[in-house]
Every structure is written in C-alpha cells, then in structure tokens.
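Okay, got some structures for you below.
Same chain, two partners: subunit A is paired with subunit B first, then with subunit C.
Showing the complex of A and B:
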C-alpha cells in the first residue's frame, strides 16, 4: 500500500501540472524558453514531492511505531542517540545533495533562458497605467509604427522585447512563451522570446501597478512570417479614410472633440501621445487592454462611460451627443 | 545558595518564609488598582497579555479582510468590492498580518514567557516595555482608523516606488503606511532590546548558555534579527516620507534617484522579517515537541546552530524577491545558492524534531497536533521556497498565486500553527485554566483541512498564470472553478479560527483549573503558580540542567538574599550565569504612557507637516524627563 502511494504521488503531481491549461499558463508552453521552463518546473516539483513523501513517511513512523515501556524523560540511551545522529546526518547530507543539484540545474537553465542566435525582430514595449504601448521599428523612421495591447510576432523567429516602464513598475509576462521581466522607470530591460507554434497567447501585467492592475492584459499573436509581414505592412499605412458619411461624421467629431489631444490617428490631425495610438484600432482583437473584444458596440460603450467599465483609468468621460457617439464608434471600428 | 552581599535582615527574603514572603513580595511588585494603575503597570505579564490579545484582535480583523477578498474573487468580474477598496484591502491584509499580528504576537509571547522561562521577576527595561505596547497599539489604531476613513494604504505591504511616491500615490495613503512602519518598528526594536538584555543578564543562576530553553534561544536570535533588519526599513520609510512631504528625490529616476534602491532596502528588511516571524515559531515547536514527546529535544546544539545559521543566512537572500527586475544573472545565481542553502538548517530542525518524536512517547494533545500539522505543511512551504529560489523557476511564478500559496504555507503552516499550539500549551499558564481538549481537536482539524484546501490550489492557479493583487479576473480565463473552490474552503478555515476564539474566550472564564504544571513540562515557567504572581517566583530558581523540572522533579533549588521591600532581581554573568549583582527593577510609572501619546502625536502630525518634527519632540522630551526622574535609590548592589 505504502509503496503504491510512493509511486503514484509523483504521478499525481505530473497530472496536476499537466492539467494546468489555458492561453495564459506556464504549463501550456509554446515558446522556446517557456518549454524549457516547463521541463524544469516538472523536474523540481517531482523531486520535491518525493522529498516531502519521504519526510512524511519518517514522521508517520516516528508517531506510530511500537515503543518500549516508558522511562523517565531525561534517561539517555547512548546507542539510540548514536543511531539517530547517523540518521540525521544522512538526511542532512541528502538535503545538501538535492539542493546542490537544484542550484546547478537552475544555473544552467538560466543560461538556456536567453534565446540563442541573433534577433530577427526588435519590439519596444512600454508599460503605462494601465495599457501597453508597442512600437515597431522599420528600416527608416517612416516605416516605424506603434500599436497598443497587441503584439504580432513571426513564429520561429527570435524577437527581442525592449521593456520600459514609463510611469510605475509593470511586469511583462506571457507565460506560454517565457518567464516575466519587469518594466522599471529609468532602467530599461530586455527579454528575448521565440514562439514555436502559431497562436494567440495572453499576457498580463504581473507587478502591482495601481488601481487597474487587474485589467492590464495584452495579446501576443504569433503567426507565420508571411502573415506577419502582411500585418506589419498594413500597420505601416496611415489610417483608412472614412468610407461612408457616418464614419466621416465620426472622424469630424473625433478631431473636434478632446479625443485627439490624447490619441493619434496617423494621416489625420490627431497626434496625441498620452493614450493608445488608434490608427488601426479596428484591426485589434480587444480594446482597453484586453477588457472587451473590439466591436462597434464595445467601442461606443467604452467612449460613453470609461470610468464605470474600468474605474480609475486615465480616459476621461467626454460628453458626446447620441449621434456623435454613434458616428465616432463607427469611425473607430472602421479603422482596420 | 545565598547572595553574597549584605541585605538588612528584616528586608531579606532569607529571613522570611512561605505565605509571609509571598505577601510582602506581592505588595512590592503589585500593579496599582484602577484605571491609572492599569495604564502605569510595568508587569511584563500584564503587558504581554495585552500584547497577545491585541495581536489576536488584529488577526481576526485581517482574517475578515481575507474573507472579503475571497468573496470578491469567488466569481470573475465580481462587483462586490471595487478596485480602489480591494487594493486597500489587500494592502491592509498584508501590512496588518505582518506588522500588527505576526511580528508583535511573537514578541508578545516572548514578553510574557521569556522572563518566566529564564527565572527572573520582570523583563529588562520594563518601562520601555510598557511604552512599546502603547506605541504598537497607537500604530495599529492609526492604520485601521485610516482604513475606516477610506484613507487606508493601497500600495501593497511592500509599497514599491514610484507607485507609492509623490507622483502616483495620491493623498496620504502611502504616508499612513510609512508611518505605521515607524510605529511598529519602534515597538519591535524596544522589545528586542529588552529580550536581549533579559536573556543575557537576568537568567537564573546556573542557566549557562547551553541550558537556555530553545524558545528563549529563538527569541534571542530573533531579537538580533530585528535590531539588524529594522534600520533598513527605517531608512526606506523615512526617505519615502521625505520624497512625499518635502520633495527630495531619493526614488525619482528623472532626478537621479533610483526606484530599485527601494526594493533593496525593503527586502533587506523584508526577508529577515519572515525569519523574525518564523524563528520564534521554531522555538515553540521545540518546546512543545519536548513536552509532548516526553523527551529532551534531540540535538540541542544542532538546533541552536540551525537558529543562528538561519539568522545569518536571512540577510543574504533579499535579492530573491527581485529576480525579474533585470539584475545581472550571475549575481542572481549567488542568491539562488544562498536561498537554497537555508534549506539545510531548516532540514536539520525538521529531522531533529522527528527524531525526538521517534525517541519519545508522543501524547496526542492539541498542542502536539498543531506541531504535527506544522511539520506536514511547513515542509511543503519550505520545498516551494526552494522552487522559487531558482531564478528560472521564479520567472514563471513570481508575483503569481503560486507565491501566495508558498508564503501562506510558510507563514500559517510554519508560524501560525506553532503559535496556536503554543496558545493551547501556555493558555493554562497565562489564565490558570485549561482550553477545551475536545474543541481543540475540532479547531485543529478545521484549520488544518481548511488551510490546505484553501492554499494548495493556489499553487495551480499561479502556474495557470493568475497574478497576485488583482481585484478581479475575466471570465475567459480558466481560473473560476479553482477560485470558487478556494473561497469555499476559506470558509472552513475561518470556522476553525472562529472556534479557536470561542474556545479561548470561554475557557478563560469557565475552563478547568489547571494547577501550576498541567502538562508536566520541564521549563521554569511551570515552576510557579498559574497564573504567575506579580513577582513570578517567590525565590529565584537555581538551574543545573536544560530541563529543570524533569531533572529536579521533587523540589527546585532556589537562591535567596534578595530584598523584598523593593523590586530587586538577580543579574548574572553572560555565559556561565553566575550571580553578579542585585539590581533594582523599575517601579510602575505613567510616564511611558504619556511618552507614547506624545510620540504618537508627533508621528501622525508629521504625515501632514514637517513642522511636527520641530515641535513634536518637546512634549516627548517632557514625558521622558518624567520617565527618568531620579529616585535616589541605588541602582544595584554588587
């Protein structure tokens, strides 16, 4: 019976770990370093489970074993003391071996964390309360573009993220691709990532950064190189011109109201920089740092009442008439 | 044994016996009746009892906050508690549990127990002791009143800059946090100095260094940790207040300040803080294991060395809280090694306790159940600690619920379980009444099962990507089921604590009278009545082993020659505990109370104006003059 438990518990640990799924899970690894970390996690957890079970077996034996009749508490049996000293020394030696093993393993795993080979792409990510500004650099400054809360990368390529905290400390974490790295004001950091499979991976700020820390998500979309190139080319373009009269009215309202003071729409007079760039906001999966899917309805709701949907965020409520609200949301949704 | 110096016969305890001696001593050491008497007392037992009670009130309050958080997290995008209030709640929960419960409750147990365990009549610097309690109470009240006024700190118990700095931490919330630190650090430093001096200079004759009870050893090491760790946080919180109040730029990167400096200072204190909570618990485990295994703890020397090693290593680990801040990887590997190394002294202790249980004849009373629960859960917490010590492992679990699970295993499993065992164990000493063994077993199982069901799943949530300190999560994440399970289990845990409080309150009034030594325990606190008289011991015991009441089961050797007409105690040498002098022990005084009030006014005022630092010290100085007003009594007679 005991032997069965001993064998099955590490198995149980594996099962528990393998059961951890989802698109934001360290156990659902799709990046080179996340995969290597997953192996390390499983190895250490299994070894530790065995250690815990051995201690428990010793404890249960100590509590349940048959004993000779009691003697006075302070009577000492020299032979038993000697045996227990041997036992304890052996256990301490085993502890030393296990933790030395962990230290060395961990040291080499750290070295493996940095992705080998030159970088194919550099992306600058800035953390702000409570969204992510993402900048891509082309061969010339004219080819630079920025987006928000959504990072596209080519599969199988090394991508270097330059991480900067622009207000408080944030932490960039996409568990399915790699471990986390803080974004610290005044101290730029870097993180190299390679996605091994195409897919949408969710990330989230991992360092407490104020009121809406819980709503500071983003998505990494790993896609084949051709798709990525097409996406980048599309993002480089200035914003689409309004296709119908409603969108045109929306653009007019957007530019005449305070919106343009904080947001940029390239190709228009809107050049604000304190809020997310909205040049292609309609092409993004979500708005408000992962809070809602991008639809005309969610855009309208967000503009109408940002402080109820995400209390404390920096977007003020801008008073719009019913028609203005409808046309602005139509315009923004059309910015594919 | 008789003290060498000459005491006038009519005032010496050598000349009077039995009830007459006790009556005279009771008169000399008494706490005056009435309200002002209660405020003026310097009896370490009364102050210790207040400390313990206050700390448990804060535990209950912090527990209520925890339950509120679990209610909010039971469902995705719940609207029960808003973001702003939630951030205050988790900050309050952490700050309250660390600064107002865990550290003070351990200090409190020491304030009550250490003088009894070393066989003296009062703690060293008893007025400072009274002062430390009032300051602690004032800091706690300030924090909770601020929270009630919606001014509670909302920057996490670690208050990282720039979030807590002048630009992003609006209002006075972060200042409340920083000043609460000042209050609790002053009180903890005061108690630590008292403990060190009590242990070094007031041990019963014959209690050589290698006969000091292990709980006392653990408190001695803990006190040194407090004395060495607190200055770092004192600098951190003072510079933060300066940044916020007078516009310095210690932490402003735009002006050459450094935000990481804050993290170094905070964790240089913050990591030893964990051991400041854990080491006293370890001392309790050694004490309880010996009594209920009916054996001296195996490996006394190894255990003392493990305590010292833990204390030293505690100062070499702080960077493991900063593995993802982008420090050089090679340097981080050093901190991996030192963090892993602390598993060695921890292992030594676990093995020694198991060996003691193996060798002895365990009696499964409630305190021992908590010790067993401690071993089961603390080993899990220790092993997850080894996991997060690994840099690569940590990059995935840092700031996630995995870490929440880890440190609750270490702090609840590793410190609160022994503490609850300790309360069941020492409750009869403190109140003279037993707690209910029947309710105790229920309490243990509810807490043990509730705890594991609550916190074990958090490991999985963390690996599934759930960050800490989020007030809600979105329904498209696969965390809902486990969070609901955790919240439900938390109710079991809370019911266990509720039962504990009911048992303690009931037993204090109607519990079975315990007699002086209900557990047949070996250490000196059990050599006097329960509850102990104001003078602790009618005659100072003389020790010739580690387990006096087991070694001298019939009658304890005692010393005499102390005066009884004024408060006197024996000062002994540091290593050998040879009697050196009779020293007078301070009498009751109201001035520590006034000094605490004056200090409180200054500290709270300084949140709002730097002028407090100019005018505030005047009333503090007045109170201190009253405190130290000369009595024209010789200090001590060698």
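Showing the complex of A and C:
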C-alpha cells in the first residue's frame, strides 16, 4: 500500500503541475507584465522554500538532539554562548537581507508592469453586472465600435485598457497576460498589456461583484496585426441584413419586442444601450459572459429562460411565441 | 427561566431569514400579472388575483424596489420626470398623483401611456419589469414610510430618500398646510 502511494506521488505531482498551464494561468505567461510577475512569483516561492527547509532542519535538529547534562545555572560555557550569538545574529541578518531583497525586486517588477513605449491601441472596458462592455476608438467617431465579453488585440503591440466599473467594483484579470486591475465606479483605472504570443486567453472578474460573479468571464484574443485589422474592419460594419425570410422575421420580432429597448444592432432601429451591443453577436465565441459557446441553440436557450441559466442577471424573460423564438435566434446567430 | 431564554433565542433566530428574491416568474404567472382590471376612466381598479397570492411583491420587497430604481434609469424616466421632481412630465414628489397613487394606475400609466406625452412601454418592458418600476415610482412620493427601500444613490441625494415618505409632509395640515386646498388627508 505504502509503495503504491510512493509510486503514485510523481503522477500526482505532474497532475498538480498541469494546473499551471492552459489559457488562464499566471504560470503560463504570454504577456510582458505577466512574465515579470511570473519571475517574481518563482523567485519568492524558491527563496521561501529554501528558508522554510532551513528552519525545519534547525527545528528537527533541536528536537532530536540529546540534551546536554545539566550544569549549575551560573556555570557559563563561554564558547557555546559565543556560537549561539553568532548563529542568532546570522539568522537575523539573513532575514533582513531576504526581506529587503524581496522588497527591492518586487518594486522593480511592479514598475516594469506599466509597459514602456507608446500605446498602439486604446480599448475602454466597462464592468457591469455581469458582463464586460468593450469599446474601440477609431480615428473618427464614425469608426468607433462596441462589442462585449471578447477583446481582440494585436500581438507584440502595447494595448492600454481604460477600466471603469459602471455599477459596483469589478476586477479585470487575464492571468496569462497581466496582473489584476480593479474597475471602480467613478474612478478610471488603466492597465497596459502586451501579448508576446498569439492565442486565446481567458479572463475573469477577480473582485466579488454579486450573484453571478463566477459567470463574468471574457476572452482576450491576441492575433497578428493583419488579422486584427481585418477583425476591426469587420466589426466597424453595420449589422448584416437578414439573408432569408426566417432571419427577416427574426429581425422584425427583435425590433418590435422589448429586445430592442436594451440592445443595439447597428444599422437597424435597435439602439438600446443598457445591454450588450449585438451588432456582431454571431461572430463572438461565447454569449452571456462566457456562459455558452455562441450557437443558435444556446442563443435560443438564453433568450427563452435567462433567469434559470444565470439567475439574477438583468436580462428579463421576454414572452415570445415558438416561431418568434426560433426566428430571433436564427437572426442573432446570423449577425456575423 | 431556561425555557424563556430558549424561546427568546428561537424568536431571534427566526429573524435571520433573508428577504426572498423572486428572480424568475413562471410564464403563466407573468401573463396573469399583466391582466389588471382598470376602471373605465383608466384610473384605479384591481390588480389580478395573482398579485395578492404573491403577497403584493412589488410594494414591500427591497429587491424589486431596487430593480425598479435601476429600470427608472435604464428606460430614461428621468429625462421627463427628473429624479422625481418632474420636468416636462409631472413630479412624483409632490404627492399629487394625476391618476391616483394606486399601483394599478401607475402600472397602467407605464404600460399603456397617458395623454400629453407619457409614452407606452408595453413593447419595451416585460410585465414583471413594469410592476417593479411602478413600485419604485410609488415610493418616490409615498405618503407613508415603508420597511423596504431601494439602495441609496451613489451620487448626491437631490431629494429625500424613498423610504422617508417625502410626500407625507405635504399633507400635514399643521398650522400652515403646504397646499391650502388639499382636501382630506389621504
């Protein structure tokens, strides 16, 4: 039995280490600031482990050593006292050196977090209960566009996120790219991010913000500049016109029902601003802040009963007939 | 003595129950809530039976009042009614309800609109949302304080808080009433 446990230990260690990889892990750093944070984490963990082991060795030795035969209390062994004071002074000096070393390195590591160099792109991210509103700014106001829960950035460029909470405090955290930054109502915060490698990185609200805090995820998609430009150009376009009669019926239902009072679809009469912009909802990876992959089925399920899927969110259950539900979901899925 | 202490503990513990939040209405319930019976003149009437079966959830439930406060901002009520003081639209603070202070009247005003500019929100909000908003609007100019109140504003208060019955003072007959011709106190 013991042997089995011993044999399974390396496997268990590998399993635990596997948690360090993946699309949402500070140990799998793909951004400039995440890399310097990772170095800091490793340095502190290694040094603390060494210190812990030394302390444990000293403790075990002290516990296991045979006590010297008792002498009279006034009988001072000068040599022993000298050794003890040297040892204790060395331990105090080592503590001071280690802690000052940590202070200095973490100071320089955090200073490196604000990426040096000019910003190539500014993105405004607002945190709401419980989704992320993302605004991109073009050269003219006509080139601005909005999306939700999905942020595209070019690889190897400095991107500045302007962060602000719209209702309560949220926190913007993409562990593979950068550290956390809070989104506070009435106080704009900024975070510089530079993705070193292309990929899809998952982010998550890191400040408890209410019932559905756990379902407040987003994705950062880092892609080469050419792909990013193509994506931005596509997002700038108004929504696609319905291609078939079903989508057209869906658009009609969307505009005449309460949907249009909260959601925008650019190029139509829907100009609500309280909910996510749905102009290109079909092109996003997920809906409802990472709750489901975007498919026609998941869209229909979400519209039919949002309060069962994500209790407490601000999307009401709108009464739609069977045909309306089918056509609205077809229309939204077609908004690529 | 010990029995009394135990009883006191049980009574106190019973107060720990949290206010219930009705996050999802079954579609038949939501439909039924829409079926108010209004007087022919469009003022006052009776809410549907289900309203009482649910224990008048939109008047005494802090969560619903708070949702109403959010909807007040979301649906742009303040563009005409300001923060309750009124503007192009009537004030809610002065305690003079053009169509009466009953929940059904307020519900009908929001859902179906009223002459002289109040738009209908029938196609913009669900029945549940309209009830929530009506409950909130009623508290802005309440005659009597409630135990439940929406959360306070983040920014400066521009008027008395909703749970302070701001309209009560307007109907205080006192030595010098605010409205000389007010009639009987509601």
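Here is the rule we go by: the second predicted complex is superposed on the first by the 299 of 336 C-alpha atoms of A that agree within 3 Å, B and C clash if a C-alpha of one lies under 4 Å from a C-alpha of the other, contacts with A are read in each partner's own complex, and residues count from 1 in each chain.
The definition used in the following text is that contacts are C-beta pairs under 8 Å (C-beta built on N, C-alpha and C of every residue); 3 or more make two chains touch, one makes a residue touch a chain.
Since this is a predicted model, take the numbers as computed values, not measurements.
Asks: Given the alignment on subunit A, is it a clash or a fit between subunit B and subunit C?
Replies: Once subunit A is superposed (C-alpha atoms), there is a clash between subunit B and subunit C.
Asks: Taking the superposition on A as described, I'd like to know which of subunit B and subunit C A:185 touches: first, second, both or neither.
Replies: both
Asks: Name the contact category of A:261: first (subunit B only), second (subunit C only), both, or neither.
Replies: In the superposition, A:261 touches subunit C alone.
Asks: With the two complexes superposed on chain A, say which partner A:274 touches: subunit B (first), subunit C (second), both, or neither.
Replies: Touch status of A:274: second partner only.
Asks: Should A:319 be classified as contacting the first partner (subunit B), the second (subunit C), both, or neither?
Replies: Second partner only, subunit C.
Asks: Touching A:296, do we find subunit B (first), subunit C (second), both, or neither?
Replies: Once the two structures are laid over each other on A, A:296 reaches no partner at all.
Asks: Determine, for the superposed model, which of the two partners subunit B and subunit C contacts more residues of subunit A.
Replies: Comparing subunit B with subunit C, the partner touching more subunit A residues is B.
Asks: With both complexes superposed on chain A, which partner does A:124 reach: first (subunit B), second (subunit C), both or neither?
Replies: neither
Asks: If you stack the two complexes on chain A, which partner ends up touching A:311: first (subunit B), second (subunit C), both, or neither?
Replies: Both partners, subunit B and subunit C.
Asks: Where on subunit A do subunit B and subunit C both make contact?
Replies: 185-186, 311-312
Asks: What part of subunit A is in contact with subunit C in the complex they form?
Replies: Residues 185-186, 256-258, 260-262, 274, 305, 307-308, 311-312, 314, 316-319 of subunit A touch subunit C in their complex.
Asks: Sort out for me which residues of subunit B touch subunit A in the complex.
Replies: Against subunit A, subunit B makes touches at 82-84, 87, 154-156, 160, 162-163, 167-168, 253-254, 258-260, 294-296, 298-299, 302, 324-326, 329, 332-333, 336-337, 340-341, 343-344, 347-348, 350-352, 354-355, 357-362, 372, 375-376, 379-380, 383-384, 386-387, 389-400, 460, 463-465, 467-474, 477-479, 522, 545, 547, 550-551.
Asks: What part of subunit A is in contact with subunit B in the complex they form?
Replies: Listed in rising order, the residues of subunit A that touch subunit B are 16-17, 19-22, 24-27, 34, 36-37, 40-41, 44-45, 48, 51-52, 55-56, 58-59, 61-63, 65, 67, 70, 72-74, 80-81, 84-85, 87-88, 91-92, 95-96, 99-100, 102-103, 105-107, 109-113, 129, 167-169, 171, 173, 175, 178-182, 184-187, 189-190, 202, 204-214, 217, 290-291, 311-312.
Asks: What residues of subunit C sit close enough to touch subunit A in their complex?
Replies: 21, 23-25, 27, 30-31, 70, 74-75, 123-126, 128-129, 154
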